[in-house]
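Every chain is named by a letter (A, B, C and D) in the order it is written, and numbering of its residues begins at 1.
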Amino acid sequence: MERVRLFESTLAANDLQRLFHGVRSASEILAGPLSDADATVQSMPDASPAKWHLAHTTWFFEAMVLRPHLSGYLPYDAGFSFLFNSYYETLGARQPRPGRGMITRPSLSEILVYRKYVDAAVQKLLSTPIARDLAELVELGCHHEQQHQELLLTDILHLFAQNPLHPAYRDPAPIAVGMQASPPLSFISFDGGLHEVGHAGPGFAFDSEGPRHQAMIEPFRLADRLVTNGEWISFIEDGGYSNSLLWLSEGWARASADNWALPLYWEKRDGQYWTMTLRGFQPVNPTAPVAHVSYFEADAYATWAGKRLPTESEWEVATRGLDVDGNFLDTTRLRPEPARPRAGLQQMFGDVWEWTRSPFTPYPRFRAAEGAVGEYNGKFMSGQFVLRGGSCLTPPGHVRASYRNFFPGHARWQFSGLRLAEDI
Amino acid sequence: MERVRLFESTLAANDLQRLFHGVRSASEILAGPLSDADATVQSMPDASPAKWHLAHTTWFFEAMVLRPHLSGYLPYDAGFSFLFNSYYETLGARQPRPGRGMITRPSLSEILVYRKYVDAAVQKLLSTPIARDLAELVELGCHHEQQHQELLLTDILHLFAQNPLHPAYRDPAPIAVGMQASPPLSFISFDGGLHEVGHAGPGFAFDSEGPRHQAMIEPFRLADRLVTNGEWISFIEDGGYSNSLLWLSEGWARASADNWALPLYWEKRDGQYWTMTLRGFQPVNPTAPVAHVSYFEADAYATWAGKRLPTESEWEVATRGLDVDGNFLDTTRLRPEPARPRAGLQQMFGDVWEWTRSPFTPYPRFRAAEGAVGEYNGKFMSGQFVLRGGSCLTPPGHVRASYRNFFPGHARWQFSGLRLAEDI
Amino acid sequence: MERVRLFESTLAANDLQRLFHGVRSASEILAGPLSDADATVQSMPDASPAKWHLAHTTWFFEAMVLRPHLSGYLPYDAGFSFLFNSYYETLGARQPRPGRGMITRPSLSEILVYRKYVDAAVQKLLSTPIARDLAELVELGCHHEQQHQELLLTDILHLFAQNPLHPAYRDPAPIAVGMQASPPLSFISFDGGLHEVGHAGPGFAFDSEGPRHQAMIEPFRLADRLVTNGEWISFIEDGGYSNSLLWLSEGWARASADNWALPLYWEKRDGQYWTMTLRGFQPVNPTAPVAHVSYFEADAYATWAGKRLPTESEWEVATRGLDVDGNFLDTTRLRPEPARPRAGLQQMFGDVWEWTRSPFTPYPRFRAAEGAVGEYNGKFMSGQFVLRGGSCLTPPGHVRASYRNFFPGHARWQFSGLRLAEDI
Amino acid sequence: MERVRLFESTLAANDLQRLFHGVRSASEILAGPLSDADATVQSMPDASPAKWHLAHTTWFFEAMVLRPHLSGYLPYDAGFSFLFNSYYETLGARQPRPGRGMITRPSLSEILVYRKYVDAAVQKLLSTPIARDLAELVELGCHHEQQHQELLLTDILHLFAQNPLHPAYRDPAPIAVGMQASPPLSFISFDGGLHEVGHAGPGFAFDSEGPRHQAMIEPFRLADRLVTNGEWISFIEDGGYSNSLLWLSEGWARASADNWALPLYWEKRDGQYWTMTLRGFQPVNPTAPVAHVSYFEADAYATWAGKRLPTESEWEVATRGLDVDGNFLDTTRLRPEPARPRAGLQQMFGDVWEWTRSPFTPYPRFRAAEGAVGEYNGKFMSGQFVLRGGSCLTPPGHVRASYRNFFPGHARWQFSGLRLAEDI
């Protein structure tokens, strides 16, 4: 992905070094609880092994920054480019995605050595004055790695959920389930009209967040908080999963083929709902936001509730002026939290990614960059929906109001939930 | 699909009778060249047997008009609702779509008898004054049948293309291939700004064409004609089908899995391109518009050409004020025709449906109707792209500037082609 | 398939003409109740359209007899060899098997004209003295066509069973279901020792029926009649379909994947068992032999009953000296009949093919013939089980004691049933 | 699997303790070179993780020996029965086979602790006088574990072959490829007649090896050595993989679908054949026996060579009186070795398992045992072919002349090769 050319300034050299060091360390801390085996297995084609995430993000610096820009750089291992390239056709052949979990060697330890090797080289590069283009590439590599930090955790959760012993990534002690009711849902009104949306700078943004442009919006209302597990249980118990009239045709076909009857990771045991989490198997907390629902489920829920999902423009307009603050990865909760009983929009950032009804399409005048980074986002602009706001696994500092995450409508293994909207 | 409630008037009673009679007769004329076997076989799950089209459109009148509104109406056969319901969950169980081709009985002749029976009942109903709502349902049934007329022909073409003997639907004599060059491609500029789009009435429109609303558009240029077969051959011969960098990721995966190397129905024999048509196996005409390409191919072509596909709003704004005139089904050519060397936008209507880069999503404030007709369009609003303008198989009078056809990005068996656009 | 070279004589010229004429006419009589559409559709990859059977058996004479042996013979249509070759690699490319149902043209009428054309040429050939080798090829073609007569009917039954209207091939009037009990099952003992098995001549046999050889057999008992529907219902109602311990592992996997809970074509309605037949939807007759069960079901039944299936040698030894007499196609019942209350082995011929526990393997010293006929049987000698005795759809005169039919263990659409055996 | 009840004696108590200790230690030595990740990943549904093999064989002692027979035995972990039961329906639910590779926890280290725990309990049991039935169960457990030792290695080879870096299980140094020619192939004659086959005792055998019985055999010849890689290369280069006339129909379908053009693990680089081995990527040795070919390939080769595969009875008759001696696992070569230039049958034991043309069926009067061990072999008696003689990965002492290994005809990842036979 191209950095948006509009942004006014990049980080000072010191800040870039700090960012690089912080992001690289964070990945290793996240991998701390994992065994070599945990880090190696791929639990489905859409997921990748933790080891692969650690190595691929490293290869990204090697391929984009060190090879072209550090004179005399000797790649750590000639075979790694084949193993750890994700999807950059420009950068050569690669291990087929569904075979990422076959790579038992190199081991997790060796990948950590590979990281050190590359870190040292990047740090050497950063210790001298570098061109702004190159600094931007390093910064891109850091944001890229943050995306993979979140994926590493969602992929580990998916893996551990396949294990009938329900291992916990961390702290498996039972979590108290709040007995208090959720705050009542209320809707906040927003004006229609022409609004500017898209990244305006300063600061980093992915290419797909721009160009900034005017969007026409009709007056609308947005729910002040996310849909909760308790509300989702009402949908379940009202037959929401078996009433085809609530569903998009494509969603109904998928739900039927895969026997969806609950959110991913949920089980009903003796009349109680339980769910797999990074802290092991836990009771569902009715006041916390629902997670692990697909776009199709979210859309069916909204139809059932007599509402709809917001567009991404509506979401972005509503969030204007809010601090980017919420339950991100740094709270170490690793799960969505109930909303607090206070006025105004809550939970716009963190907790769960919010499905919007907007397909992921290019903004007006968008053009992918030349070269490998041009493959970052542009080629995924079909068959996906935009999600906004970040989740409890998103590294702090990573998202913004203009940030566009995207997944296919059937994806469920991310921390994806929803907020309702309606026309005025 | 709900009729858009905005439109000002419906047809006079005489006009409705004329419309009904004309549409119903046209279907039978189209089925004229088909044998019982031709009309029975289903060549792929996306296609339906001709007999099924003839019966399903009839069932539509029976289920939507006669049963609820003609007192004492006795359905022709109790089993037909199961056989000929398409996807209306509201209206009961039905034959699974991929099994439509198993129904060798009733025969084509009996389906024609079924049509006569229903026609007589509808005509009886129309011979008395009827409520406007009911008149609108009859009109809807006519437009619905016109959609199936086009599908009947594209499905027959797909079926005949599976037969190594290449049977012709009609007139298999060789078609002269024009030797003259295509007119040079030029681009016409359009202003940006807020534009009204969507159906404005008066007259019939499908629910998805409304509500009419304002859309913000950036200044753009639109090609004055469709992309030709000759231009597509340049794309082929420049390696367009094997250069992944031109393709959307989802498109590349599909193209690889299905070994796309030419438009659907094309073959290369002794260095010449041939294609299956409704008139049998014929040489490709380099000056005629390319057809039978998927969205993914169209998008890759546009990238290769340094352009892009238009949005549906751009297409609709550009077409404002043009007559709905072109190479439709009534020319009986059954194939796209070369553009003529004259100034201004050409081929906006007829010849081939034009892929736009717009996913098929609801317009602002769209709500599906209550009841069975509410399933007409709304539930298909994911995973599809909008096409505009009609084709050489579209019945005359069926399309409009606001008309939104839609198919998944990989669909190729319709008469789908493209027109280029670019930013200013 | 090679004619076994051991047999002493072939038919007299007159007899061969009579055989040819009789077999060819019989096929056309069987096709009599079928419409063009009935004869065109392929209901699953294992089945073929009736029209294809009629044309393929004709092509067999054209390819094996007329082209090589009738000087100046002009094939009816050059494209037919591609369309109607089944699996003879030696004889060139052909329509892929799952695409046989796409051939709506030529029509059934034209195929009947094709048959007349070829019949005339063969009759011309037979009106002159011909070499014994050639006479044997014609005889082979007749037996080949008889095999396809049975398949034509089982394939039509499969097709009609997909139609929710349950059309009847013939005479749909309800069939009285006998109220009398089945005769009690008894077992007849046979000595062990070395026994000669395999075709001994004179007369026609397929190559796989020889060479005749000695087989060592242990003393055994064989049930005097076939397993009945009533007995099968006991198996069903005792949980036979859900007790994995009764099943071969491969069978259990298939039964689970395909949700087998009843024989093919059976349905339970209001506590009664019904089944699709060539005479339409009918109640299951408890005293008639069970049909449409796979090898895996038959084996599970035998295990449940504390018995086993016979080997093909046991079956052949037991049948020695019996007349080849039973409920074949010429009774026109088109369904298996109850056994009569009389002593001795019954139902060894006709009614249903009997699964044996013998995989279809070559007899000692078997060698496939040179040339195309060598592909007839030999290449199918893996992954199949032998069935013996013929069925109610087998043309009279077609089977013998040494006759080896074969199908994969999961096949259910033939008239396949079982007879129990046990060790002494 | 039931121990064959015919055998005369079991091991003395001391010998049983020694056997148990030896087999259990051997598994752990084999696992020595594996990392936690190596031991966890499942490379295809037919393969299992090394960790699973180590745990399943341990569970076998727990479920069959300790739980029913050691009073007060406390299972190591209640969840392990679900995880490590293979296919014993009698013993409860279990992890679906294709999901065995999802179990990253317990780790390899913990599985080794589990093994110690169970070993101690079995040793305690064996330190007191035990009933003969129980002793037989322990002995069965040891032979069962030896089967899994071979599978552990073939599964690791399959896993490592998926890794583009070609890791070696052991000793990756290049292996010298013999330049000497293979000894010429000659055939040894054997008499026909009635022969006793099947296990005769004394000593252990699996239930499927009996009962001993008489088989009628025609005179035949058997090749004095295995087919070599060099001979296989002649088959390849003569177009053996693309000539459908050499193949069984089922084999041709599989070969086409999976693009077989070489034995599994082979690659051609710069005109030379290479193959993945447990010692890494190595040149193919033309004088060594070919391995990793399916039944279908072996059969096609034999047809090409104008010979056939032997039946299992022929193989067993020919091997009578030979010592069970050969290149087994204890040579630590881990690969097949060339035959030596000496007279008489060679390589009958060890090197590669030899495909026979015999489907795996029950011997006369075979009955599976009651209870869980009855599921050992009997339920696999369809859809598989018998292999004889053991391989370079078979533990010494494990096979016998009567030993019947079996795999589906398409299986290639075992050390499976062939020896030719012919009729006299």
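Here is the rule we use: contacts are C-beta pairs under 8 Å (C-beta built on N, C-alpha and C of every residue); 3 or more make two chains touch, one makes a residue touch a chain.
This one's a predicted model, so the numbers in the text were calculated from it and none came from an experiment.
> By the touch criterion stated at the start, how many steps lie between chain A and chain C on the shortest route?
2
> Centre-to-centre on C-alpha atoms, which chain is most distant from chain B?
Result for max centroid distance from chain B is chain D.
> Please tell me the distance, in whole Å, between the geometric centres of chain B and chain C computed from their C-alpha atoms.
Here chain B and chain C have centroids separated by 47 Å.
> With chain centres taken as the means of their Cα atoms, state the distance from chain B to chain D in Å.
Using C-alpha averages as centres, the distance is 59 Å.
> Counting in whole Å, what is the centre-to-centre distance of chain A and chain B, each centre being its mean C-alpha position?
Here chain A and chain B have centroids separated by 38 Å.
> Going by the contact rule at the top, pick out the chain C residues touching chain B in the complex.
On the chain C side, the touching residues are 35-41, 43, 79, 82-83, 95, 99, 101-108, 159-160, 162-165, 167.
> Going by the contact rule at the top, pick out the chain C residues touching chain D in the complex.
Residues 87, 89-90, 194, 213-216, 218, 244-245, 247-252, 295-296, 299, 357-359, 361-362, 364-365, 375, 379-383, 385, 409, 423 of chain C touch chain D in their complex.
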